[in-house]
């Protein structure tokens, strides 16, 4: 168990995967998720912790020790790779026991610990198989077993669930969380899947182009995105981002006007009137009503015409046009609307955001 | 600027690795390391090369490795018979019985790769003590200082009788620059075989001795699946051996008598033209290049060639078992144009002592033994080769070999002894081959050959 | 590994066109096998002739017209070869030389290949370029300098003298680098995190995984050594060091053209190679796929 | 919109580096040094042989190009004479021409045949491994044996080829005795010997191709030739690239079969560069320097041709 600190960490390649000036502390026992689109540098950062990539600026400390120049095997970290990286020529048993063998643990101890670890992950019956004889989920668990058997100070996971099918992914997610609960090992988890990030991370770190955009508890980040990138990256369907101008207490979009509530007006005071801003409203904060509705409090009513209806079972995604822009709303599943129908969109501005020209959330 | 001295690869590498905070200083270090390694390797290499170059070239004298027992003589010769190794097992025993204290180790080279094997052997730390060298290459090795001067030993009064028993022409061959470098022992004669049955059927009773008669006979003998004549035609099959008598008989040779210039042009033209006409005009032979050496011999043995220019030792195989189903005899190429000269080509081998041998005296004992009548005659009889002794002849159980020894060996005109002889023959051969194919006249062939030879003198 | 299989495609693939129902398909198969058999025949016929010749008595070899099959097959040529020549010695020498070169090369080249494929170090590109360029040097040209070096090392007429120059061939390094480069880097990264030193990674992860590649290189090297002629000819001037090719060639001399004996030697000298290949050919295919040939 | 760097303020501001920049530099250097040293350790065993038996000999050879005299006779410095002679010698021109003509005949033939056989072999559901072994047989043949075997093929009377021709009522051909045929016959031998190797190589590459693409192409209605032309060939580019470059390198070094079958004849029609190098260094031992210069000429030739091929095949 350990604390991992990134101090002014940088890595330049000239290509993708570069990392700039990362400052971050991962607390002991924390489950931290690095989230971002591919090529944002999250995997590079992870590999830098592992020692698989060189740190070209700053330092990484594990439990106060600078590990920049420590061999991967001596950092007391374990990693689960996206493709599991199981040794194809070894049995499950040998795969799991390999790290111990390399650290010269006596044979009988290895056997005992392998058995124990395998039991934790439900791999008892599979010990003599080879990786190619296992299903994706089983392989994933073997990879996990191989990393936990060393009882490392830090777990590093590089998109460990991305090769599993949807159902298994959900199940394994839970298992991983349980495992973390039990072992309380500091974990850095890399993913591009926001659901994973939201559900698993104690905190998430959103990255883009090698730069950390925001760090915080998942809900905080979701509710208070630091910039348009974070706002857009989290949440599905995507947040509605409409550009427009601030005009006193109103936001003037392309063909529509939204009066600001007090929260947004407060935020808007940070910039001069008339400047370009973006209004962000999440689809779940938009209600679709048939017939006219009065605006009240945080709620603003806009007239719209439905252009697309997407039922996803639990919800209904409705795209409707107001003025010259589209809004995406997420409403109750069985709302009787169809394309072409005139509706009223009720925007709940309680959780809406205004972003400045530079993309920053004006509220922060 | 340090950057300048880095290779483009290194610079690219640095860029890619993007060791951004790398100061010049550390680049210097890295480069230094790199250069030191390179320098170390370079020095090591240079030392080795230096050693090798500084070492006395033919690595003679000092032996640094497992010194052989003082009296072991390593002798190498070309393979003369399929069972040569077995024969030499017996001869080894005889030699050792007669020379207590000297061990004989007979070894063999393969004629096809003789240059490689002998070059390697001479260049090694441990050359053979005695090498059977043919007259073609003797001069080359002598010029490179590989062969011991045995003038004193060969002119030792105690050996004078034996010396006189060995044909004088061989002493001319081994005399290079006034010193003697070997003792003649064995040889093959390149002669003509002819099928008596076919001759009889064609109504020819005597083997022709003039070119006109020869041509007439060859034409008469050709037909019905039988070729009147065949001789070797490619350099790969040493075709020049069969060609030489035809130009020798016209008083031509590769070089002038004093070896200072070529002597094929125009003297060699007539014989070459004659052979070319037989093949490309009269077509009494198989197409040029159709048969290799053994193929032609086999064809003769099958009764499909009437006159075959080939080597003397063939008869051993032909007379083995039931023999050939026809009678055959041996002859020489006809006289030259002026009708004054008739020769056979012969290729003889000489026992030479290596300059690098540490046991020259023991080696000399072996050479004397090998050249002695009691040894060389039975051996020559066994393998079907000719000897160069004038006091006695091998007891062949083959009448052809007897005839060759008695009648042809004295008529032999050997190759000229010149450092570049082999190269001259090899390089000019394509010109003769062209004449054989009728692509150029004998005269043109000889003019071109003359140029090549002069370039190598 | 990325799955490139799209099951939905399978469902939509129409069954292979069978215009004439079964007959077209089976005609197609028939044509395939006819081509294969003809090609196999062309590949085999000369061998057949050699084997047949090796069973003929020497005298009947050059009969006109020639016999395709021996009238009275005899093993005399084989007997002669083994009785009269140090055939087993030649075989042993060849096996020692080819075997040693192969084993040493597999280790040495796979190590270098690993460094070139997976390690980062200054000078990697120029060094590898040097390896590539040296592929283009004809060995015949290096015979003399190599000979001098071996002589200076005092290794003429020793097994080492025969073995060492064979180890320099750069093709193995090149092939091994290609193989190892095709392995996913995550495997060695995992091993690195599991506490392996670079040598342990090489020994415990890389080597077992490139087995097919090792087989390819092994067969290739063994074959090259087994068939090599020029170097053993000059490096070993003593008959007891002759290898099979040198020995077999020495049977064909200007004065001794024993085709039967030659053919027997040819047959016997090829047997080991053929056996090795038959046993390993499955790996050979697998190994070639594994990436020796990706650029 | 610009990127925004946020530090996680709630867990404290950016920490201080615990090592000074100098210490970092030193540690980093030591770290990289160790890694480099490890890599070089892996290269050392190969490098020892490589240097001893390849680099030094090449250096030697270069040294020889400026000298006359042999391995056994004393060397004499002759400056650039050997180089000059190489470019003046007619046989050098002939041998380069022969070598190139040979390559132009051999490489395309062996590739076309091998590719065809590989495609056919891929279709063979049964007995594939038997055929693979049989096809590989010629490749396993030592040259010494291959030449012997070929005596039985090209022999004037009882060679398989001529016997077949005669059976078909045609005139027998003078396979290796005719200057116009000899190089072709050598090519035939080399193609026969090489087909197995390349067939297996192409087969291996074919087996490795993704099947989905072919299924997709079949759906799109591409016929067999179109699939071969537009799918197989592009997909096999890396293999073909490797094959062409390697085949060029190897075939430009043609020697063994020439040395054994024709020894350069008839009329130098099969004289190849390496054969000539061999002749000058061994048969005429005072010409080692000439042979060395010729070796470098060949090296340059191979290098240039390989580079041209790399250019042509890489880009497109």
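Lettered A, B, C and D in written order, each chain numbered from 1.
Basically, a contact is a pair of C-beta atoms (placed from the backbone, for glycine too) under 8 Å apart; a residue touches a chain by one contact, two chains touch by 3 or more.
Just so you know, these numbers come straight off a predicted model, no measurement behind them.
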Between A-D and C-D, more contacting C-beta pairs sit at C-D
Most remote chain relative to chain A, going by C-alpha centroids?
B
Could you name the chain whose Cα mean is nearest to the mean of all protein Cα atoms here?
D
As a quick test, compute the distance in whole Å between the mean CA positions of chain A and chain C.
53
Chain centre separation in whole Å, for chain D relative to chain C (CA means):
15
Give, as an integer number of Å, the spacing between the C-alpha centres of chain D and chain B.
35
Return the residues of chain A touching two or more other chains; collapse runs of consecutive numbers into ranges.
none
Which residue numbers or ranges of chain B touch two or more of the other chains?
17, 19, 21, 48, 52, 116, 119, 123, 299
Considering chain C alone, which of its residues make contact with at least two other chains?
64, 120, 122, 124, 147-149, 230, 249, 252
Touching residues on chain D, where the partner in the complex is chain B
21, 24-25, 28-29, 32-33, 36, 40, 51, 55-56, 59-60, 63, 69-75, 91, 155-157, 174, 176-179, 182, 262-268, 279, 282-287
Which stretch or stretches of chain C touch chain D in the complex?
4-6, 9-10, 12-14, 28-29, 32-33, 35-36, 39-40, 42-47, 49-50, 53, 64-66, 107-109, 111-112, 114-116, 119-122, 124, 127, 130-131, 133-149, 164-165, 167-170, 173, 198, 202, 223, 226-227, 229-230, 244-245, 248-249, 252, 262-263, 266, 269-270, 273-274, 277-278, 281-282, 284-289, 293-295
Quick one: which bits of chain D touch chain A in the complex? Just the residue numbers, please.
1-8, 10-19, 24, 27-28, 30-31
Note: in the complex, chain C contacts chain B through residues 59, 62-64, 84-85, 120, 122-126, 129, 147-149, 151-152, 154, 156-157, 230, 233-235, 237-239, 246, 249-258, 261
Which chain C residues qualify as touching chain A in the complex?
1, 184, 186-187, 189-197, 200, 204-205, 208-209
